[in-house]
Amino acid sequence: MTVNDEVGSDNHSGVHPDILKAIETVNAGYSVAYGDDKCTNRTVKKFKEHFGKDIDVFFVGNGTAANILGIKAITNSFNSIFCAETAHLNVHECCGPEKFTGCKLTVVPTLDGKLTVDLLKPYIFGFCDPHMAQPKVISITQSTEYGTVYNPNEIKNLSDFAHSKKMLLHMDGARLCNAAASLNVDLAAITRDAGVDVLSFGGTKNGMMFGDAVVFFDKNLSKNFEFIRKQGMHLTSKMRFISAQFEALLSNDLWHKNAKHANNMAQFLCNELKDVPQVKITQKVQVNAVFASLPKKFITELQKKYAFHVFNEQTSEVRWMCSFNTSKKDVMNFVKAIKAVVS
Amino acid sequence: MTVNDEVGSDNHSGVHPDILKAIETVNAGYSVAYGDDKCTNRTVKKFKEHFGKDIDVFFVGNGTAANILGIKAITNSFNSIFCAETAHLNVHECCGPEKFTGCKLTVVPTLDGKLTVDLLKPYIFGFCDPHMAQPKVISITQSTEYGTVYNPNEIKNLSDFAHSKKMLLHMDGARLCNAAASLNVDLAAITRDAGVDVLSFGGTKNGMMFGDAVVFFDKNLSKNFEFIRKQGMHLTSKMRFISAQFEALLSNDLWHKNAKHANNMAQFLCNELKDVPQVKITQKVQVNAVFASLPKKFITELQKKYAFHVFNEQTSEVRWMCSFNTSKKDVMNFVKAIKAVVS
Amino acid sequence: MTVNDEVGSDNHSGVHPDILKAIETVNAGYSVAYGDDKCTNRTVKKFKEHFGKDIDVFFVGNGTAANILGIKAITNSFNSIFCAETAHLNVHECCGPEKFTGCKLTVVPTLDGKLTVDLLKPYIFGFCDPHMAQPKVISITQSTEYGTVYNPNEIKNLSDFAHSKKMLLHMDGARLCNAAASLNVDLAAITRDAGVDVLSFGGTKNGMMFGDAVVFFDKNLSKNFEFIRKQGMHLTSKMRFISAQFEALLSNDLWHKNAKHANNMAQFLCNELKDVPQVKITQKVQVNAVFASLPKKFITELQKKYAFHVFNEQTSEVRWMCSFNTSKKDVMNFVKAIKAVVS
Amino acid sequence: MTVNDEVGSDNHSGVHPDILKAIETVNAGYSVAYGDDKCTNRTVKKFKEHFGKDIDVFFVGNGTAANILGIKAITNSFNSIFCAETAHLNVHECCGPEKFTGCKLTVVPTLDGKLTVDLLKPYIFGFCDPHMAQPKVISITQSTEYGTVYNPNEIKNLSDFAHSKKMLLHMDGARLCNAAASLNVDLAAITRDAGVDVLSFGGTKNGMMFGDAVVFFDKNLSKNFEFIRKQGMHLTSKMRFISAQFEALLSNDLWHKNAKHANNMAQFLCNELKDVPQVKITQKVQVNAVFASLPKKFITELQKKYAFHVFNEQTSEVRWMCSFNTSKKDVMNFVKAIKAVVS
């Protein structure tokens, strides 16, 4: 029996048919490279419909690049960046942020992956002391690496706090669509309207093939970004193939449908597991992730059939992800496999 | 009348149908992310068929990344890199090489974009002097930014020289296929067999959508590359969509057919221009580029109809590129337009 | 009345007369620059007498440079470095380590500034996972930023642990002399013999004017250091003026006498404060620092007369330092001032 | 017979007695660290007397640091810097500028080490093109690495050109005093009054022990420099020992006397060599350096007695330096040695 990847990660899925079709369509004929093409222009307009007309938006190759280059644009090399200990920026970018920006990452322990002003305060000090990295950016992930969601007020509190300190709020939105679908709000409500300054907007985990967007809500922050992107190795020549994907994702509510479905499947999985006493759900299931702890031996057994991520070896906490193309049957099969293992 | 992009650059073309098909095929089902998938494994084998079995190969998002990250893998921050003044590495990567490696780029003026040992020698000194950047890498572009080609002996001379100084030879192969097709040799003949140590192998200018490969011909040089790639923001999650493209390109001689066609079209354009006295061909037409000088007023006029690159403002030298999907009719129309302008 | 600096820091003191004399003596005549002079050669021999004959030693301008450049020599850009949350490397080097090495600093909370294997273990993981910074260096400060001291066994435990993970042990020895004097051991006992791989050996806080030494206990680690030092802006031209100071410090037990005296004065201050109930000593007084907490209003009052550092605003914890030229009278006056303020 | 260092470099000399005395004087008592002391305040005022009252001045450890950190303050990582091929910045800083700023160094060949607008123009292009490093700084050395001098008008032409392109003019003034003494002007005439934006002002080659100053003529450019200096490892704790030296150098015309004497000795050496036909003076002798070419075998012979620098192996060009404490007798002995060798 082969190992299945259904619950490994939402990027184990392929490309949504509508997005693949958009790629095929944009392929016809010649097109100016490096983003001066018609499709990219249309897609920028589409972003403005969703995020507001005063934004600047740039496409890059992936989410790590979106995070690092977006933060590079708003920092000096002597700044510090504050994020949750579990942040992708901290754990899964191989100290790319440090290397490319020169900045210090100061990490804040959290219970659920969410920062609050109270959690942050003891870490933010040293303004004007030349011995110390100068606090500049608070970076949050929406939805978080624990599958939890900031509501608009929680984000507003953080941006107000940041701005009161002349700092900026960065959001890693690799799964922004899942958060918006979960809260049943539009994309601007948890970004521009909540005071976010710079956003990484990802689609790869929501049906795209590749590509990420860096969205600046204040054009003063983006004035050097074209150079930063090129120096940062992320000016794509045939850019229309990224923009066409985003155009499809942001049209016909595709972003919302895909995300909503993935969220629902995680909720369904969570519900199906309620009567399995050996499996303990460890985080609120707000988007498309289910975090659970179960005895190590069951994990080992289950991994023979399904590939998935052990989030915390010490607490036997695992992560099961659903995606836009996870089916109820996929979930049922997985639940069956769990029950077989623990029984 | 709209501006045409046919001769702007070989990356103004779209994706070759065989490659698009490969993308669609690989899209089915789930697949492990980050390069552990079956398609990537198959494609690595395909590379070994072409480049030799002792290589290590890694996929990244684009050619600038392939150059910078490949060189980062073989340098310390205090090294210097030697390249032609016209090298993409020097002119068109926005000092990304300097920023990401810390190294000095020492540029050597050339007439045709090609380095030779004699041209290099006066620039390479200072070994063991701690005040000076330590010479480490010679980087050449094949085919060059001037559309010229190194034959295997010329490359061997450079690699022998480099190795005699304990230096390494890097090759920017954004248009390697065009060079191999021009020389009518296989891909190993002008890379592994000629002593190249690290290669950027590009496909975007030869029918791919995105993606580039870094090929190491000595596995000792690549042992840290996985970390360098991730830190360098180029670990693609859905990697199968890059590898599938390369698999198609390296199958059924597609790489050769596409390149040969593009080369032929440039030759055709060159020939058609022989009886236009106002247009002077300035470089040998060995691959898919035609360099020519013509009076500035004609350039201005022609650019109203066709988008193309003025390579050197001072000498009125322009670059016209052909691609895998340039047709004879495209060329004829362009020649007609030139003749109309200069008459 | 002017503010006194006696207890501000041990670098508020000037230069010890023997060291100043050594500077004057070495000034006569011409001397080759950049470290090829006789005095530097003699001083390197002196270091070998103290630290062992297989070392490599290099002089740099200050302690921050010694830390950053020493660590740069033993890391790749994708590594992580583990240190106490209070480490100078983390708090007081303005993210120079991140900028110059590219590495991630992972900080471990401690009660007394001292790392242990048990404290470290939960933070060290991710080996071979390309998404994660690769663990490489454990950095400890001897004596610590809290004035506490590692005994030889404690260091050995850390170096054994580091080496078992193919990691290295770095020591920030800005106050190494104070630690050795406190333990009544020689300098090798708490460095080479305890398994330290790279050491920053500082003298500025122990009577020198400027200059620091980077000592490598394995010559394989130092083979690129000359280039790293120059690129790192710390190759001093008139190097004999640093080496002459170290030669004096390491001769006639000066390093020990100065450090012992400073330690004794801190002990004396600590004892004199025992009957002041408003002042609570918060850390063991093992070297030349006294950490104490006292009500904020008394701190404010006392700072009108004496400049000193508030280490922790939230806990009202202050730091009082003694140096080689602190006198009993200085201490008595300070105690008198405290008593006047709290009474 | 031992090798003499008299003509090796101006930094083979020791410290001028007045400067050593200033160091001894400032040593008394305690003093706040990191530049808040009285002596540093006095010295900043002294700088303002010489360079104008609107400047900002910061002390660092050496000239390489002054150059690199000064330029870091006025660049973004995607900028390019233009300097003469022979510039210290390019040749003798081990690609520290590239590593620490991320910028590209574009080097311009010159005959005498001096840049002109005409020489620069062909190299400065690419404004607003995101593929290209953005031109930002022209860096000149006064006096140059060839011992030649820019007059005030020549500097003004360069600064006007720079400013017309929204670029800035940086000056490496490691031997600024020699240039001013040669031109018989004050220090402001060839810096502030000529439009220089940032200056490295060195004293080590003119009688100081260590230390360099970064002078900003526009305070908007220096607002982050305190952080850049600390992150750049050049915040000296006992800073009074640098400032005291500068205070002495800038008092009682010491800077001028020392430089004038060194210049005169070079002129004297040049004159004495006029009747030695085997020695050809290759550059104007305007400051304290004599550049000459002589047959290789004589160089080898002479280097058995005198240590000096072969500037260009290919042209047999050597550099002989005089300093504040070179005596007529030193010169006469050296001339005698030359004559003995060539006869």
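By written order: A, B, C and D. Residues from 1 in each chain.
The rule is simple: contacts are C-beta pairs under 8 Å (C-beta built on N, C-alpha and C of every residue); 3 or more make two chains touch, one makes a residue touch a chain.
Given the structure is predicted, the values throughout are model-derived calculations rather than measurements.
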Request  = Have a look at B-C versus C-D and report the one with more C-beta pairs in contact.
outcome  = C-D
Inquiry  = Centre to centre, using CA atoms, which chain is the farthest one from subunit B?
reply    = C
Request  = Please report how many Å separate the Cα centroid of subunit B from that of subunit D, as a whole number.
outcome  = 41
Query = How many angstrom between the C-alpha centroids of subunit D and subunit C?
reply = 33
Query = Hey, how far is the Cα centre of subunit B from the one of subunit C, in Å?
reply = 50
Request  = For subunit D, write out the residues touching at least two other chains, lowest number first.
outcome  = 77-78, 93-95, 99, 102, 130-131, 227, 230-231, 235
Query = Quick one: in the complex, what on subunit B touches subunit D?
reply = 77-80, 90-95, 98-99, 102-105, 122, 125, 130-133, 313-314
Ask   = Can you list the residues on subunit B that touch subunit A in the complex?
value = 4-6, 8-9, 11-15, 20, 23-24, 26-33, 61-62, 64-65, 68-69, 93-96, 99-100, 204, 209-210, 227, 230-238, 241, 307
Request  = Provide the residue numbers of subunit D that touch subunit A in the complex, in ascending order.
outcome  = 34, 76-78, 102, 130-131, 134, 224, 226-231, 235
